[in-house]
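Please go over the structures that come below.
Each of the next two complexes has chain A plus one other chain: chain B in the first, chain C in the second.
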Partner chain A sequence: MNDKITTPQTIVLIITTLIGVWITTLPATLAEKSGPDSWLMVIIGGGISVLGAAIVTSTGRQFPEKTFIEYSVETLGVFGHLFNLGLIIYLVILTGMVVRIFGEVIKVFLLDRTPIEVIILTMLALCVYLTRHGIEPIARTAEVLLPILMLPVIIIYLMIILFNGDLSNFMPFLRLDFKEIIAGTKATVVSFLGFEVLLLFIPLMQNPHQSTYSSFVAILMVSILYLFVVVTVIAVLGIVETSLLIWPGISVLRMTETAGTVFPRMDVVILSLWSIAGFTTISPMLFASAFGISRILKAREFKSFIVPLVPVAYMIAMFPKDVLEARKAVEAVSNMGLFYIFVVPLLILTAHWIRRRVLNR
Partner chain B sequence: MKGKVFILTVLIGASIFFHGCWNMMDLEKKTFIMMMGIDALPEGQQDKIKVTLTMPVPRQLVGAEGGGGPRPETPQQILQSTGNTVYGTIRQITNRLSRQLYFEHMTAIVIGEEAAKGGLDRFLDVFQRNKDFLRMAKLYICEGKAEDVLKMETEMEPLVVTYINQIVHFNSSRSLRAINYSIGKVITELHETNGNSLVMRIRPEKKEAVVAGSAVIKNWKLVGWLSDRETRGILWMLKEINRISVETSIELQTPQKGLVVLDLVNFTNKTKAKIQDGMPVFYINMRGEARIVEKEERIIKKEENLERYEKPIEQAITKEINNALQKVQDEYRVDVVNFGEHLRKYHPDYWETVKEKWDLMFPHVKVVLNVDVKIRRQGIFK
Partner chain C sequence: MLGFLKNLFKKKQPEKIYTRPLRINDRLSRNLEKNLETFKNIFKDCDDVIFKRFCFGPDGKSKGLLIFIDGLVEKERIHYGILEPLIYEINLKTFNNKKEFLGIDYIVDQGITAPEVKRTKEMRELVEAALSGETVLIIEGFNEGVIVGTRGWKSRNVEEPTSESAVRGPREGFVENLKTNTTLIRRRLRDNELKVKMYKVGTRTNTEVAVLYVEDLANPEVVKEVDNRIRKINKDAIQESGEIEQLIEDDWLSPFPQVRYTERPDVAVSSLMEGKIAIIVDTSPFVILVPMSFIGLLQTSEDYFERWYIASFIRLLRFTGIFISLMMPGLYVALIAFHPGMIPTPLALSIAATREGVPFTALVEALIMSFSIELLREAGLRLPAPIGQTVGMVGGIIVGEAAVRAGIVSPIMVIIVAFTAISSFATPNYSLAAGIRVLTFVVLGAAAFLGLYGIALVFMALVVHLVTLKSFGSHYLSPLVSARLIELLDTFIRAPLFMLKYRPGVSRPQEYKRQRNERRDNPPREESED
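Let's turn to the complex of A and B:
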């Protein structure tokens, strides 16, 4: 109970952080941007995310005792402070957006007369309760919830694709120009965002040297799940219809018939899992934000920073005026995430290398 | 320790027994709408529509003796109103209702002929935009007025909706004369082809309805009908046939006088397209099995040569398909057999060049049919 997480716990934690609100919107984004080759984009996007995770974790492994907050200052000096501030802002904004999209789905499909403010605040309150206890309970919760989350999703989508899927929806094969590949890949990489919490979590691992391995396994699992969901949705609905729906991952459950006669209305099951998916995504992010702030301020405890973050995250969540604007905001924020995955760690590595080799320090 | 166990028990118990009922709605405060009909209003008010809803009257459904008020005992109640839009009209109906309308069990939507001729696009949006409406509900287009279907007094089933949905359920898998499209499927089809699809046809009579054949939708508007035989001709070509084992009977004139009836099962089709001189030619290969179910011939043979029926039945199927094709190609000029989709999927380069003028090209597309039927069984009599 030293508030450190084991390697399997890290894997599970990353998986549950990644599987979040994107699972329902990813098919639509991909169908719109890259048409029948969407499944390929998931694979490429997963590959690029693995690359990003490799960059993030190999930077972190250079400083196994320190978080991004400390080693960025150590290597980049003043710019490090700027990057730290940016990272915290990014994490808080992402938390807010995730909780908003979570709330939108709950409001549209389940609680249509509950104010979205209530949904968002309850979810944040629940996450505060968990995150106050530190990283280990979060990881343990993830361990418990992961099978509950994954098994029904796999079984339900498998039934749908077996009875209603038409794989010819993925023809014609490979007819993308370079631009579309970039757009599609980016859409996938965005839905893998969340593993940049590793920037902060590596010193919390019992064995920081296995961080690269853990993130590889986690991203591989998530890629398989995403691939499976994207293939199912597009095989059942077709490219055009998928791109027209806002939440195709859930809508597909409402229009299938064959499996529906055995278990009608399977969307209810998925929607109850939706809270789990949202919960396990928001908690680590909220924790990462509070933990980051505590490290910036060199405070001994992170707990006192969680509650003040809630109103901030809530305001950010309520800022976009509708779903489409929220999704646009997410895309804008995600550029920042890509920056922190691909650019900043490389800068740090270079600076670190220069300091060690050239300046001999 | 004991205190903790107690608290845990209380918490688990509370989460089991007191979970989210805070905006509880009593069942009897809700009206479960089973079916919806949409009609156009007569001359002079074309842009208005009439929406008809049916709700079951549970008391009558159970069939309790001695119950019932002064009203005639129909198991369903009709609600009607006129308005400009579907949802707007539904909201007007609520003005006269003491209960809340609940649509999640609505499994059939009927659109009247005149309304469909004016265009489906203005009615269908509400069903795809709101999660209250089931996308697996069946969509019918009615010959005549939709309200006649809803007001029908069926004898076989207490509720009209169960009656017509059951017809479709059996018809589509047994006799292959109705095109079993849910509203979600129709909407998908319309989006993919930009407004061309087939929809189930329903024809109400006094006490029963005929669900067979299909309505041809071109450019979101109803342009005509396909008879049940023509619908089957189209269904042979569609991919849907691959998935279900088809059992349909076909009557055959044999060389000797008299008809033979055959059941067809396990039909599969493979479509290939080739581009010849700038025009696509579709090669459709079909294979299937048949069994004899009735024979009018008086000659009883000790050793029946089943193969002698194979050629005629292949010809019969080919003829049926050709008739249907002729109708959609020459009369309606609308691609409801997904040839355009096939080109888009398997000949994307070619499709890019023709997709603008596909509507004009489709009537001239050649189709080469190759039907292969094996007769495996003749029943339990020689």
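Let's turn to the complex of A and C:
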């Protein structure tokens, strides 16, 4: 089975993995933490994410045939096993949390009388249907869904900012102190989480040496989109209002009336697309979890591990009591993600370097 | 896991390849009477088989036997091609020369004037030939038979295709006769690279199947795959290319047709020129084209014969149509039942006003109307044309109007269902439209349970299904996944002809470049006026 993805497919896959639940919450977090300078945070955060991606991929490129699971053990020994376990736990928890937040949005805006369990389980079932086919169909699905997702989002937000935007909301200009910058940047970097699936996906690429390039392009695209959304939301709603909302990215669509004279009720469109964004985020994560487990157990194929993951992810998803708790949990988990992006690969690189230079001499 | 277990427990079976239907073990003998006896035994109680004995040669010493089936042969050909030269002319010639025994070589080479002649010692082959309309000639003293091509029977003339009419384009359509169909293609494609491979499929019907492809364009892997799949067919009767289609398609669970069928030779030829493969089945006027993509099913030959603005507009219209026919009832039910707040207020009010007094929920209403329109369509299809139209009128207009007046359904529901039906008619491929019609009900069900979210789920599941679906090794969703961007010029729109320099990638042709037409405009030559 030729189950490898091309470089453009990798780019698209990373973009769709990154664009997910965060796009609706990011403006609120940023407005709360950095006020009018949120736009700057997106740029800095994007830059730092690119750095993180560079670390992850350049580590992976040292071992183009192997996933994180194998090369961590190879370089770090016993600690490698620990890190592997941690990575899988992190991925599963992240999958569960993303599903939960996804379900919350659907419940709040579309199906207020449907139990959230139904929403979560149907979404997970759909993801199982896709991930069982392997990485290549996941990437191809992303290829088909990305234009369907992006074009309406861009058009609708563009209309909103043109009709309702007020750029004076970004005044005063550049008035942040260092602490606020750190807080805002971290919030942005967290919203870029998802590209750590590259720790596992590099050997699945046809050209592993292009992984850094792919992740650069992908993060650049996503940064532009995030910047656009953050600017639109804050320009329309203002700082205070944005920070008070839970899902300002969607609420902004309901609150605007002027743009609605052309196409009334555009939130219908966006909310339908929201399912696509969630789907293309959850599937690669679910796949990464199952794929990682199969690599740890040295199993021949990953398919058998997908279905057992569903109840686990479901239980994790149902664990937080409400949205706020879920978001807190995500913030806690995301620290782990940052650890796996910035710290662990550097550890591995160092260990690899030591093994090669010092021990072999 | 399950797949692994299945592989573990599945015994490896040798691949079955089409078994010959006629179990004939008799052999030809040199004795004519004995041969006659054998053939009469084989064609026992087949009263349409004619055995004609005749004498020829010097003094009528040589004896011959003709076997053919009444109605499948043109008797004039037998007369002028076999009997007259053998009985009359050989006699004269040999009288003038020496009076020697006539060899079979001599008879075939100089005696028979019919153009198609084949010699064989196989009894089975002779019987098959006779059954397919050839004439079998056996001569006393030889254990070898001669097959003379004398096929000819009444068949429909080449007429305008009824299921795929075009405003502009040739008016010829395929017919039930295989040879006529290959002729229609060959006449449009005068290229020695056009290959015609013949198969016999159907263990009892022995239906002839022709596989046509352009050898230096079609992908050899696909040709081989088609060959394999056709050889594997082991069914007693093949009457229509639809049966072949179902037996060779990739995924029998899919609601989407993975091959295209056409009644138009121009469509077949343009597909062949894209490196696709045409499968013609005798007795069927529908030619199968593989490999096919989803987008390919939405194209018509007219797209390329019209100017590009019009063609592009019509294509976009068709895509909208397929989207509407899939989503419309589901969207309506989702909006009414789950998200009434998302309908613009004035519209919501007027819908609520029309729905007042309707006793059913939106779902039941939609089901009733969709079901009745499907019934109407089926009824109209099966009845003779004039009555069918009447049924359509009565059902559509009178019953619809009455149902609204009686308060069973709301007028807006009638509009939606009618609109869906019209959109479905705009899909050029009937099997695709039928598949979409089934999916409409799936979308409806999902919308009734989970509203817009349910529709989105079904849509994404469909995308996943389409993305993983393959047609003879090619991606079914071809230009949209893993293809060169330039193909988008000929997908949703149809760019001006000179821009379409490449063949579509779905057929994985050996040669991508299709034209080197660089010219953008043809300026009038400036003539100097003196």
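Note that in this section the second predicted complex is superposed on the first by the 359 of 361 C-alpha atoms of A that agree within 3 Å, B and C clash if a C-alpha of one lies under 4 Å from a C-alpha of the other, contacts with A are read in each partner's own complex, and residues count from 1 in each chain.
FYI, contacts are C-beta pairs under 8 Å (C-beta built on N, C-alpha and C of every residue); 3 or more make two chains touch, one makes a residue touch a chain.
Source: prediction; values computed, not measured.
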For the combined arrangement obtained by superposing on chain A, do chain B and chain C clash, or do they fit?
clash
According to the stated criteria, A:Trp353 is in contact with first (chain B), second (chain C), both, or neither; which is it?
neither
Considering only touches as defined above, state whether A:Leu244 meets chain B (first), chain C (second), both or neither.
first
Looking at chain A, does chain C or chain B touch more of its residues?
C
Would you check which partner chain A:Met255 touches, where first means chain B only, second means chain C only, and both and neither mean what they say?
first
Given the touch rule stated above, what does A:Lys303 touch, chain B (first), chain C (second), both, or neither?
second
On the A-aligned overlay, A:Met171 touches which partner chain: chain B = first, chain C = second, or both, or neither?
first
After superposing on chain A, check 294-302, 438-446 or 456-464 and name the one in chain C that bumps into chain B.
438-446
Between chain B and chain C, which residues of chain A are contacted by each of them?
114
Would you mind writing out the residues of chain A in touch with chain B in their complex?
36, 108-109, 113-114, 166, 168-169, 171-172, 175, 237-238, 240-241, 244, 251, 254-257, 260
Chain C residues within the chain A interface of the complex:
1, 3-4, 338-339, 342-344, 450-457, 460-461, 463-464, 466-468, 475, 477, 480-482
Quick check on the complex: what are the chain A residues that touch chain C?
6, 9, 106, 110-111, 114, 118-119, 122-123, 126, 129-130, 133, 137, 140-141, 143-145, 264-265, 267-268, 271-272, 275-276, 279, 300-301, 303-304
Over in the complex, which chain B residues touch chain A? Could you list them?
23, 131, 134-136, 182, 184-185, 187-188, 191-192, 239, 344-346, 348
